[in-house]
Amino acid sequence: MAADKVKGGAERPRWSLDRLVETGLGRTLVRIAALLTLIGAWQLAGNDTIGLLFPTFGRTLVAFWGLVSDGTLQVALLVTNQTLLAGIIVMLVVGIPVGIMTARVSVLDRIVTPYITFLVAIPVIALIPVIQAILGLTFAARVTVVVLFGIPYVIINTAVAVRRVDPVLTEMATSFGASRLVILRDVVLPAAVPGIMAGIRIALGQALIGMVVAELTIVGAGIGSLIADLQGRFRVAPVLAIAVTIVLEGVLLMTIVEWIERRLGRWSQS
Amino acid sequence: MGWLSSLAYRNGPFLLSLAALALLWEVVGRSIDLITLPPLSAVLAAFYDLWASGAVTAPLLDSTLALLYGLVLSLAFGSLIGIGMGLSRFVDVALGPYVKAGLSAPMIAFVPVFLMIFGIGPATRIATVVAFSVFIVATNAATAMRASDPRLIEMAHSFGASRWAIFRDVRLPAGAPYFLAGLRLGVARGVKGLINGEVLIAIIGLGGLVKKYGTVFSMDQLYAVILLIVVYAAIAVGLVSAVSRLLVAEEK
Amino acid sequence: MTETQAPAISISNLTKFYGSPKGRRMKALENVTLTVGRGEFVSIIGPSGCGKTTMLKMVGGILGWDEGSIEVLGKPVTGPGPERATVFQSFALLPWMTVIDNVSFGLKVRGMAKPERYAVARKLLASVGLADFETSYPRQLSGGMQQRVGLARALAVSPQLLLMDEPFSAIDAQTRLILQTDLLDIWSKTDLSVLFITHAMDEAVFLSDKVVIMGARPGHVTDIIDVDLPRPRTEETRRDPPFVELTGFVWDRLRGMIQQDERAA
């Protein structure tokens, strides 16, 4: 390890590798190298000879291509994402107003909070047989699962965000003669947006889990049925390919939501 | 008497709605002859039977052992990766994106893969627990490393302290609260991973919920098992919070 | 012959309790009587806990009281009203809105259309020296500039009474002195009455026609001092012996109260 002389300060030994990542180019190179190393390790650790062992990167890639070339994967993903989208819409349309009302109406808070605490504490997956019993092997059942996974976080974070609005701001608005409705619309809600977005981000993470779980248990025409079919034929590589695809989709969606969260909350960052 | 009435006032509306739901479940279960929705009383009876027969103790033990193995693995690897990321910008840039991905993406998608490779054994459960918890342990370990005041480190260097001494005497104590937080969160996620994994394995390992009807379990037994899982999860999480509060209190 | 006008603020025998009706009733304010004449600039100064901010909120119509009366421009206070506007210690600007949107907030609440609101806001921004910052956000401005926005917002609704709650306490000492002079400058061009709360003796004496000293536990008026210094008041005024004397007198009274409190504690 090279010791660097820092001007005017104590001599500090620094990892010389650290200097590589100080430039944008260096960072990109390191990232590419890391990716290649991981893929290489994957290739080595895998086993292409016996069917049911961990597949190599190569075999997985081939399997992926197989699923994509005849559109099977795309169709399955489309169906699955419809469930996710519907779930997200319900979570927002129901969750945000409930969150707001919970923060402002005490009776509602006392009724709703225990159910939310229950949903957060238990593994929601355990409720699936009940959901299936009531709604059958339907789209509605899957959407319900997604909603139950994520909506508590929307409600809780929205309520907290509304409660934490700086009371001086509402005082100011009252002093100018604003009515309760105007204060809610023009002061409380905009002030709560960063907190609400944080809740949406967390809820999305949960909703993704819910989507996967719903697909695998309440089997429809999406990736759940695709995986079940491949499982029956003992084809590990395509299942792994699908799992990686879902993980990548999850990362993409979370990155988008985080970007939106940052943009909408710019005014609250000092 | 005042506290009793205020307790009732606070929990009243919820308890009432809960009682209403329980009543509804019982009535619907009895009136509609759905195999899939037995009345609450039948489920509670099956639940009691499960306990009394001792059929649950062995599986519970197996699951808890898998949980513990998985957690130990997560803690070990997660801490290693996290400390590396916290100490070296190079490691952070190289591995950071993968840790972040593992944290935010639905790792549960790998359960079918684990199932196919490892079968219905402890390995699948351990793998699931690790997949759920290792990333949060790593993230918190990295934060723990970054928490030390750089001026204290500079000061230690000026007194000739070795890298190891600095790690042991400055970084570890400064990072302790974050390590503990990572531990707590890792255990919570690990339990979630175990539970989600168990139920998922049960359902898809045996070929799906539909196939289960009428073959292995009757519905009220199935619900009783689910109820058991819920109680288990509640106790596990409760235990973890209690222990972590003790740990944190000791820290102070 | 001048017609007798009701004073800007008329507070009589005002008493306010804290705490719930069943709990121990402590008096926040006891039997306070105070008048602010039309066009007068009156400061209230006192140690923490003397109820000065509470009084301002009651005059502003956002807090109630238990005994006595408060009248603004001859009418009893029942809530906030268009003839009063407040400037806040923490500025209370809406961080997601631009400066011009913040200044026109009061007008928006009263239903004025955008082009008119913006025209009024622009004029006021110019008068507080922030004409070039129309599209900036509060976080991009210094404390002093943010308070100017707060002042512009209050003036935008053409009030007759300006209520100022320690408006310069959160601002650095140098900027504060400049803002004091600017405030007097703006005020002198209007016929506004001002009720100004502060902790700083020199500020109270420099700005006001009358300084009201209040004591704590319970809040009550101890002195009302007429400030006879000529207007316009400038930086020179700060060095004049009468100013120094008055400021010294106010400080002596306050210090006495604070030390008495410490001995009693």
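For reference, chains read A, B and C in written order, and residue numbers begin at 1 within each chain.
By our rule, contacts are C-beta pairs under 8 Å (C-beta built on N, C-alpha and C of every residue); 3 or more make two chains touch, one makes a residue touch a chain.
All of these numbers come straight from a predicted model, not from anything done at the bench.
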Next on the checklist: Based on which chains touch which, is the overall arrangement a line, ring, star, complete graph, or other?
Outcome noted: line
Checklist entry - Most remote chain relative to chain B, going by C-alpha centroids? => result C
Checklist outcome for this item: Reported most central chain by Cα centroids is A
Item to check | Top chain pair, ranked by number of contacting C-beta pairs | outcome: A-B
Next on the checklist: As a quick test, compute the distance in whole Å between the mean CA positions of chain A and chain B.
Outcome noted: 17
Checklist outcome for this item: Rounded to the nearest Å, the gap between Cα centres of chain B and chain C is 56
Checklist outcome for this item: Rounded to the nearest Å, the gap separating the Cα centres of chain A and chain C is 49
Checklist entry - At which residue positions does chain C touch at least two other chains? => result none
Checklist entry - Among the residues of chain B, which ones contact at least 2 other chains? => result none
Item to check | Footprint of chain A on chain C - complex, ascending | outcome: 57, 60-62, 80-82, 84-86, 88, 90, 92, 94-96, 105-106, 108-110, 137, 139, 157
Checklist outcome for this item: Seen from chain A, its contact residues with chain C in the complex are 166, 168-169, 171-178, 182, 186-187, 190-191, 193, 267-268, 270
Checklist entry - Along chain B, where are the residues that touch chain A in the complex? => result 10-14, 17-18, 34, 36-37, 87-90, 92-95, 97-98, 100-101, 104-113, 115-117, 154, 157-158, 163, 192, 195-196, 199-200, 203-204, 208-210, 219, 222-223, 226, 229-230, 233-234, 237
Checklist entry - Once bound in the complex, which stretches of chain A touch chain B? => result 9-13, 15, 17-18, 20-22, 27, 30-31, 33-34, 38, 52-54, 107, 110-111, 113-115, 121-123, 125-130, 132-134, 137, 205, 208-209, 211-213, 216-219, 227-228, 231, 234, 236, 239-240, 242-243, 246-248, 250-251, 254
